[in-house]
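Okay, so subunit A shows up in both of these, paired with subunit B first and subunit C after.
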Partner chain A sequence: MTEMTSLDLWVILTATVCACACATSGVFLVLRGLAMLADAVSHSVLFGIVLAFLLTGSRAPLVILVGAGIVGVFTALAAQFLNKEGKLQEDASIGVSFTWLFAVGVILVSAFAGRVDIDQECVLYGEIAFVPFDTLTLWGVEIGPRAFWMLLVVAVIDIIVVLFSKARFELVTFDPSFAETAGIKSRRWHYLLVCLVSLTSVASFEAVGVILVVGMMVIPPNIALLFSRGTTSMLWLSNLFAVLSAVLGYWLAVAIDASVSASMVVVAGCLYGVMALLKYGMATVTAVPSKRAELLEL
Partner chain B sequence: MEILSDPNSLWVLSCSILLGISAGWLGCFALLRKEALAGDALAHAALPGVTVAFMLFQSHARWVLLPGALLSCFAAYGCLLFLTRVMRMKSDSALAFVLSFFFALGIFHLTQLQKETYSHQAGLDKMLFGQAAALVSHDVLVVAVMCAALLLVLIVLFQRLRMTSFDPLFCRAAGIPSHRYDLLFGFLLVCTVVVGLDLVGVVLMAALLITPAAAARYWTNDLPRMILLSSFFGACSGAFGVVVSFYAPKMPTGPWIVVFATAFLLVSLLIAPERGVIARRLRHRSFQRKIREENLLRALFRFEEDGISAPHSLQSIVQIRPTLANTLDATISALERLGELTREPDGLRLTREGLARAERVTRYHRLWEVYLSRMVNIPSHMLHEGAENVEHLLTEEMESELLLEIEGVNQDPHGKPIPQRVEPESGDEK
Partner chain C sequence: MERAALSVSDLTVSYRHKPVLWSIHFEIPQHCLCCIVGPNGAGKSTLLKACLDLVPSVSGEVRFFGEQLNAVRHKVAYVPQREEVDWDFPVSVLEVVLMGRRARLPFYRPVSKADRVLAEESLDKVGMLPFAERQIQQLSGGQQQRVFLARALCQGGDLFLLDEPFAGVDATSEGALVELFQLLVAQGKTVICVHHDLNTAPVYFNWAVLLNLRLIASGPIENTLTEETIKSTYGGQLAVLTQVFERLRKEQLGSQQDRS
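Moving on, here comes the complex of A and B:
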């Protein structure tokens, strides 16, 4: 990399903020075994965007954000309905609800091809390199990319909500029956989490694309899970690894001229491999000889 | 049908029917093995293989891209097994991990290709959404051969796959290498997904595996029947999707296939006779009604037992059975229609039939209390609640078995007499 321009700086900042928002909302998602719900919610975002546009005719970011957010929560509700009322097993109900919405989204895009100017590929992969060109102007002063500020707000919301309701989330995650007897409405907390995930994936799709959002939500918390013993350390570690993959990913993308968002996820995945090796390598070196053989066999 | 006279559409039609059948068949196994979403992850994982194959051979031909997709899907399945079995990652995390990591690899490579000098890579990402309409006869031949091979393997290995899917532990104990069949299943899944990518695209391939199988699950508990139904649903949705995009060429085929499959699912979900939502609601309703009726009868029986003579006022009933208050009138009318109760100006009176039924329910209640206190050693003050629920569930056969267990008892643990079983003819106790 040669010299840093302000454009590069904005891209890195946006990537970092996006990574933090995803990692924060991803921690309890991973702990609660809902990782594929992130996939579902982020896919149905396409439908939300198209629907919001068709209904209001507006491309204002707020309209799109609200429309996609509502559809995200609706996906989770539909999955819950199929699971609880329809007695369909959990993974299948998630699979059915989002593929259906995605299909309807694609049909709508084709049906109104003349009117909907939505690039499916952009929704799917996103392109963070274009972020700095869409800037926000406040009181006549240009204050930086719109996506950055949007992601910053979402990241702050994520962090505040997760930090403030950490104890509740822990209870409903690790001991749901106790939470129920203590009068905590676990369903309400479930949907709070779904709302966070939905909000985060909608805010990030422009920057990283919906499928890679899933990676940023699931991979850093899983790296953190290798090392942490409590949710606090897991939160910190997963944010740390997320930022690390964002920065390294940006560096890699610039070095070999590829998509920044994809390279963030690639780096995160490789980071998981390295950290897993490190963990089991350390365990093998420090273990007593008899146990070492056992570990090596694994 | 003009679609049948157009050779190209005919190819596409037969192709999507074949795909629907094989995805429907394999989807049943995927669903039962709780790997329904694996199809989604694998479909996304095809991308890096396709881009690498394209880079190496500089060709769009299906025989170049298919093996690439196969290889990278298989690598993804290996990663999935490694993450869940060796790293002990939760299966949902592992799926999301593999899905996004492989997809990112693909996009990473694709964007790199785009910026280099390869000018005609543009068609590569079309596979993400499927391009059924662009299929020509020799493409269809590839798909047809693969589907046929797949079905053949499934038929030959049906018993083994069924065994390893339902009871892997038993298989291992019996010396059947279930791991080998896991890999085989993964291989079949990968093949189906790769074949389907051409037709319906990445995301919707997952739906083709999950939705018809989930719909079929509502109708039966029997695997062969479920497979037949699921293949039928898959084939029908495939055909309908092609027909729609034939008559409305603007419409994409894949999404319509999925919409039809989902419609099959929703209809099954509602109207399936045993597991369907409506059937279950109705069953629940009629059971609730039965409970209310029997509770009312028991309340009246208690008055008779205490020596209070009929008619019994509604207030006194509500006093000892507060839960009946809201539905009392409807319950009384229902019992009147059954001839178990008569309404009089100042209260209710049991008829002979009503008394017999009330006695039967009371007998079940008290027998169950005796059984619980004798066999399960539950203290007497906690007996009532359990019996209160079970009294509505017991049948005559169960009563006979209970009587065998606790022979010669004619008092419940609280000291009340257990009404004896009475033959309908000699009926009247009073």
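Moving on, here comes the complex of A and C:
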């Protein structure tokens, strides 16, 4: 990399807020064992985007966010319905509902290709390098890429919602039947989380695409889980590793002239490998004496 | 007359069109230390869950202290089976106990100093205070169960419903738990446990509900846990029966000797 231009800077900033949004909404997703649901929601969001565009003819971020959010929740509901009423296995029900919706989305994109200004490749893999060219103008002043601002808003929403309702998410995730008997409606919190994931997926799809957004939602929280003693530290560590993956990923992409979003996820995966080795390495060195001490203590 | 802590009438529960509980009808008065016994698959856990609306019931009415559950939720503390939760969850022992308080607060409200003190007291009562800052994944089965009980204590309430509190628990913890149950009952609370060990049931408890898809018997333990009711509860499971009859016979022998 020679000299950092403002274009590079915008790409890195967009990648960073995207990483934060994904890492934040991914924490409880991982703890609830719903990584597969992220995959489902992020794919079916394509259907929501196309549908919102076809129905309203608008590409305004708000319209698309709402459309995708509704479809995201609908996917989760459909999966649950197939599981409960259709007696499908849980993973099978998710597999059926999201692939179907995604396929409908793909057909809509190709059927209305002339009218829909959406590139399939871009939706699938993301093209963050083009993000700086689609800028937002506010009161006649160009304030930077549209995707950046959309992701910033979503990241802030994610962080505020998760921080405020962390205790509830913890409760319904750790012990749902206890929560239920205490009068907490677990299902409402579940759908709040699904909403956050849909919102984040749709906001990120330009930056990283629907396939790789799952990586950014699932890998950083899992790295954080290796070292966390509580959900608060998991949240911060998850954000830290996500930003690290985004920045290093960008650097890698420039260095080898590859796709930025793919590089980000590759870096995240490598970080997970290194950190897992580090943790189990540390565990074997330190755990043996401490375990013995624990036994003696009891 | 004082209202029953738990009264169930005509409760029927089915799972995928197969009935798992048939027209259950019983009452458990307050200040009882009650066990729900029956063989595997008798629907003991399902009974608790159906009472608490955790599984849907086909018919029947359940009253806690004469009221619907919604009206008296704050009086009822439920401790699920230990295996039902993920003990690898990144949370400390104290935080788990504090969940008992958090469940009572609006979601945005942080716990107060008083809540923390209460959580520590509850941990102390179950003898787990030294472990307050530990991660829950480092605990043994018995310790996990004691933490769960501490959470129920911290939650407060007059009726404790526990699902298999002694499953996978070491002898020390089991003794500590029983002592605590007896203390709670002495303080005017009611404790109901799903229990599977017929040998210890008459030692630990003073009230019993015998169950095998249908209700076999319910009432004070000395009247309900008899050779006859056990036989109709456990049917052909002979190994269990001979063991228990042997015990009952020995006890009768003992009491006869006492009299003479």
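Going forward, the second predicted complex is superposed on the first by the 282 of 298 C-alpha atoms of A that agree within 3 Å, B and C clash if a C-alpha of one lies under 4 Å from a C-alpha of the other, contacts with A are read in each partner's own complex, and residues count from 1 in each chain.
Here is the rule we use: contacts are C-beta pairs under 8 Å (C-beta built on N, C-alpha and C of every residue); 3 or more make two chains touch, one makes a residue touch a chain.
The structure presented is a predicted model; accordingly, all values stated were derived computationally and were not measured.
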Self-check item: When subunit B and subunit C are modelled together on subunit A, clash or fit
Solution: clash
Quiz item: Of the two partner chains, subunit B (first) and subunit C (second), which one does A:V106 touch, if any: first, second, both, or neither?
Solution: first
Practice problem: Considering only touches as defined above, state whether A:A182 meets subunit B (first), subunit C (second), both or neither. | Solution: second
Quiz item: Which one hits more subunit A residues, subunit B or subunit C?
Solution: B
Exercise. Check the residue A:S6 against both partner chains and state whether it touches subunit B (first), subunit C (second), both, or neither.
Key: neither
Exercise. Identify the partner contact of A:D39: answer first if only subunit B is touched, second if only subunit C is, both if each is, neither if none is.
Key: first
Quiz item: Who does A:N222 touch here: subunit B (first), subunit C (second), both, or neither?
Solution: first
Practice problem: May I ask you to decide whether A:T231 touches subunit B, subunit C, both, or neither, giving the answer as first, second, both or neither? | Solution: second
Practice problem: Examine A:V265 and indicate which partner it touches, taking first as subunit B and second as subunit C; both and neither are also allowed. | Solution: first
Quiz prompt | Residues of subunit A contacting subunit B in one complex and subunit C in the other | solution = 33
Practice problem: Can you check the complex and tell me which residues of subunit B touch subunit A? | Solution: 31, 34-37, 40, 44, 86-87, 89-90, 92-93, 95-97, 99-101, 103-112, 115, 125, 128-129, 203-204, 206-207, 210-211, 213-214, 217, 250-252, 254-256, 258-259, 262, 265, 269, 275, 277, 280
Quiz prompt | Complex contact set, residues of subunit A against subunit C | solution = 31, 33, 164-165, 167-168, 170-171, 173-175, 177-184, 225, 228-231, 233-234, 294
Practice problem: Spell out the part of subunit A that touches subunit B in their complex, as residue ranges. | Solution: 30, 33-36, 38-39, 43, 82, 85-89, 91-96, 99-100, 102-104, 106-107, 110-111, 113, 120-121, 124-125, 209, 211-212, 214-219, 222, 253, 256-259, 261-266, 268-269, 272, 276, 298
Quiz item: Where on subunit C is subunit A touching in the complex?
Solution: 49, 52-54, 70, 73, 76, 78-80, 84-86, 89-92, 95-96, 99, 102-104, 107-108, 110, 135, 138, 151, 155
